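What follows is subunit A paired twice: with subunit B in the first complex and subunit C in the second.
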Partner chain A sequence: MTAVKRNLRTGRIIVKRPTAAKRWVNVVLLVLLALTIWGFLTIETKGTDLGKATVDTIRYFGIMFGRPAGVDTHFGVSGAGSWGVFTAALRLLLVTLALAFLTTLVGAIIALILGLLAARNLTNTRTSNIIKGFVAVIRAVPTVLWVLIFAIGAGLGAVAAVIGMSFHTVGYLLKAYSESFEELDEGVIDALRASGASWLQIVFQAVLPSSATYLLSWTFIRFEINFAVAVAMGAAAGAGGIGFNLFMAAGYFFDISEIGFITYLILAVALIMELVATQLKKRYHIHD
Partner chain B sequence: MALLEVERLTKFYGDSRALSDVTFKIKKGQFVAVIGPSGSGKTTLIRCINRLIDASDGSIRYDKEDILALKGAALRHARAKIGMIFQHYNLVYRLTVIENVLHGRLGYKSSIAGVLGMYTEEEKTKAVEVLQLLGLEDYVYRRCDQLSGGQKQRVGIARALVQDPRMILCDEPISSLDPSSAKIIMDYLRRIQKDLGITILVNLHQVDVAKRYAERILGFNAGHLVFDGPPSELNKKRIHEIYGTEAGELIID
Partner chain C sequence: MSSLLIEKTSPTAYFRKQKLTLTLFLLGMIFVSWGASVLTQFDLFDAFAAIPRVAAWMTANLLPDAKAWSRLPRILDKLWDTILMSVMASVAASVVSFVFAILGSVTTRPNGVFAFLARTIASINRNIPVAAWAMIFLLSFGQSSFTGFLALFFATFGFLTRAFMETIDEASASSVEALRAAGASYSQVIAQAVIPASLPQMMSWVLYMVETNIRSATLVGLLTGSGIGFMFSVYYKSLQYRSASLVVLSIVVVVLAIELISNAVRRVIL
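On to the complex of A and B.
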């Protein structure tokens, strides 16, 4: 008989080895569960009627998404009618999209150049480590914080948003790009070196063609992220665009219908971007 | 006249010797096979010749040029005159056959022209000719990831041929191929040597293939050149010396 372990009570064979670490994980999970229950039981509700609050929440959501509407004066087009409000909102949406596009473009160009210098198979270990270490720091600080940091010099507004968002985009895309480059088979680089090709020729004739689809799909993901951040920056950093109107509707005018209106617009843009991304991927992955 | 002269070539990886004191000459137009067990230094030898690996000591003269002393543009130019084909083909699979073949011209081009992929009409004509020679004229615009192993290796040969090389180095060109594709590839290599007078230096794992195709065989064991002669001299005893096995232990016996 081999040393198969059995549950002392049921006599069943034990598959997973019980370790001290697993026991501790279980203990921690149990403590967290207890704290959660205790937290809910003792929460300070300031006399809120939970039933009424729930009904109200559902009602407000109903207004928000059931009767979305923008107010002409809030969009600076007083007396323009609902179509005027809609086009004004579209223009603001375009500003937000432009912010996302610009920062993605600037970030992508810088990340592409530095990414080539950071890929282990294209450069020496020291250069790669220095660049990767540097951008790891950039990435560790959230985008919003970078915008606020640059706002010290540039003042809150579009300039700080562009610089800060581009900065974090470089950090994000550089990691993605350089790892895509590192995926490339070392042999291909050898083959081109063996035929006398220079570094730049190898980059443009082998590395970029092989990793183009990865680059495209990472850049698009970052564009989607930047769009979401651009909305937030309009609200938090005065970068302009639809985000600022969202912020005003929510925090100043308390106009629930307008929040719904703007949310629908943002949702539509996100949906369109998703569709475009899928189409692009289909086109470029066609032979895979 | 010798096209390639290797003298006292030595390569260390850390403390271990991959090649020790290897000396041989290869005449223009010869078909030479290199055999030996895995880790005997065959690949290291081939890669030292075009400097994909830097040798630790010794000298290599190719076409009267001191290969180990070359740098930068001079090294690129020397590499351009030596073709190379690989076990795993090493093509850029997302590009078409002709784009991959034209990569063989990069060593002759200015960096910018190479970066932009601007090839001259002569270069393109040459590429098409080479593809016809290798029976790939119907696959010119096919993406390389859609080809079979044997076809990929023929693209690899085409890429080496457009370099106008005087010698082609082959690093286990048939190890990933089925026997029939392997025969096709070896036959093409022989034709290239016979018809175009290009020197072939080929690493092989198959002793029988080496004996059938090569005019001369170099046998390596643990980084030492232990056999250098025509296939007729490569008897059972010599084979066992190269592979370091007791008589009767090899699959080919």
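On to the complex of A and C.
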């Protein structure tokens, strides 16, 4: 038995010895806490009375969630009743969903091709590393900046929005796809290779069929994320859809009831999608 | 898809069914894509044609010039604000999320009512996009970094609560059971089983949120007129693309650096 270590002052036996991992946890905790305190001390509020603003916010929340309502002219259906406003808002919601869908589709196609080239069991390490490094850089640029950069060349609208939003989708799905491919039983690939199958035959006869359900689940999970991204791009990058109305309601019309109305709609769609995604994750044991 | 189902059918019937499923799926996808393209006036060929055009334009017009470099100190100043904002939002949210996760997780929940409330509040928070949070707080808190902080805080809180609940259930379920069996009190279970077992994983999530929040902070900054996002939008709207691209480059460097640091930390602590 090793010598028992005791606390010099109390004489109690020390059961746990600090390991390197624990020390690092403490260091990181301290650094994060220090940065947070520094942040709170130096954050600029531009002279806002925080107490009053908090009271206002609580009152606004009451109006938002208690009396949600859309204004007909803001939705381009002047003179229509509340039902007309509702259907107009649903159409805009559908536009946002469509943008998210197209983004997911474009992203999935590109990610599928790159994913096959990045999976370690289907390619060499060098190609795999090059693709993964490239994607890391692409992912470091925020989506909104990609959309705005593409808007210079392609004009504000659906094309810039979908292409700009696709970058992060490719990054996300590439990782998910290539990891699904890497989980494939090495024996299957070897057997096919030994019987003279070409790379394309291996991909289409073994890799894709056996991972199809995973790929679809991951793609849906990204679709769920892309809905929130599409709302944001509507608000910040003129991509259209319900996000733009949210931006106008809060930034120009200062209409709190309308913010509530739009937030409710977004929340409803997001909750339904989350429910489906949770079921998929449970069924296929996916952790994102 | 049916490929994983093992059915008692002849091979030909199986493959025919598989082909049918695939065809129907592809047709459905094409139909939905067509509908979505009409609705949004999106053109797939236009989109793919735009990529090389924009790439060529980017290489010609996005290299920072001397004027852009002279603005670097101001950009770095705003970038530092943004980093602080992301760390603040992540850390502050993680404290609140920890409490909610304890209340909501299957392993540690005190009772069903609290658990339901905690999960519902977190779920609503998580599903309101960060852009919506930013617009909500913009009204009362005005165009300032504090508005950005609040938006990031609420979006992070929803996400971290779910992540922490999963972490507690995965990492500490067995040690909690052991301590309970030995007669430990609720607070002892939390302090001696839950926190030590799940702290490294939780920290990994907080680091992930810091990374994510720097990107989100750019978006929130654009919407609320603060931080690095505002900087970008000023240069972008005045067509000074070379300065705007220096902003993008500086964000890339910071995000990659934080990713490297947190990966290194993760390797040690997990």
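Everything below uses one rule, namely that the second predicted complex is superposed on the first by the 226 of 288 C-alpha atoms of A that agree within 3 Å, B and C clash if a C-alpha of one lies under 4 Å from a C-alpha of the other, contacts with A are read in each partner's own complex, and residues count from 1 in each chain.
Convention: contacts are C-beta pairs under 8 Å (C-beta built on N, C-alpha and C of every residue); 3 or more make two chains touch, one makes a residue touch a chain.
Everything numeric in this text was worked out from a predicted model, so none of it was measured.
Colleague: Which of the two, subunit B or subunit C, is in touch with more residues of subunit A?
Modeller: Tallying touched residues of subunit A, the top partner is C.
Colleague: Contact-wise, after the overlay, does A:Gly153 reach subunit B, subunit C, both or neither (first, second, both, neither)?
Modeller: Touch partner of A:Gly153: subunit C, not subunit B.
Colleague: Once the shared chain is lined up, is A:Ser210 touching subunit B (first), subunit C (second), both, or neither of them?
Modeller: both
Colleague: Identify the partner contact of A:Arg193: answer first if only subunit B is touched, second if only subunit C is, both if each is, neither if none is.
Modeller: First partner only, subunit B.
Colleague: For A:Ala136, select first, second, both or neither according to whether it touches subunit B, subunit C, the two together, or no partner.
Modeller: second
Colleague: Looking at A:Ile13 after the superposition, I want to know if it touches subunit B, subunit C, both of them or none. Which is it: first, second, both, neither?
Modeller: Touch status of A:Ile13: no partner.
Colleague: Quick check for you: in the superposed arrangement, does A:Ile266 touch first (subunit B), second (subunit C), both or neither?
Modeller: The answer is second: A:Ile266 touches subunit C but not subunit B.
Colleague: Taking the superposition as given, does A:Gln201 touch the first partner, subunit B, the second, subunit C, both, or neither?
Modeller: A:Gln201 contacts subunit B only, not subunit C.
Colleague: Should A:Asp185 be classified as contacting the first partner (subunit B), the second (subunit C), both, or neither?
Modeller: The first partner, subunit B, only.
Colleague: Overlap of the subunit B and subunit C footprints on subunit A, residue-wise?
Modeller: 209-210, 212, 287
Colleague: Which bits of subunit B are touching subunit A when the two form their complex?
Modeller: Residue list for subunit B touching subunit A: 50, 52, 76-80, 82-84, 86, 88, 90-95, 99, 103-104, 106-109, 111, 114-117, 143, 145-146, 156, 159-160, 163, 169.
Colleague: With touch defined as at the start, can you tell me which subunit A residues reach subunit B in the complex?
Modeller: The touching residues are 185, 187-188, 190-198, 200-201, 203-206, 209-210, 212, 287.
Colleague: Quick one: in the complex, what on subunit A touches subunit C?
Modeller: Touch list, subunit A to subunit C: 20-21, 24-25, 28-29, 32-33, 35-36, 38-40, 42-46, 48, 50, 53-54, 56-57, 60-61, 64, 94-95, 97-99, 101-102, 105-106, 136-137, 139-145, 148-150, 152-154, 157-160, 162-163, 209-210, 212-213, 216, 228-229, 231-232, 235-236, 240-241, 243, 246-247, 249-251, 254, 256, 259, 262-263, 266-267, 270-271, 274, 287.
Colleague: For the complex, give me every residue of subunit C touching subunit A.
Modeller: 1, 3-4, 18, 29, 32-33, 35-37, 39-44, 46-47, 50-51, 53-54, 57-58, 62, 81, 83-85, 87-88, 90-92, 123-124, 126-132, 135-146, 149, 166, 199-200, 203, 206-207, 210, 215-216, 218-219, 222-223, 226, 229, 232, 236, 241, 248, 251-252, 255-256, 259, 265, 268-270
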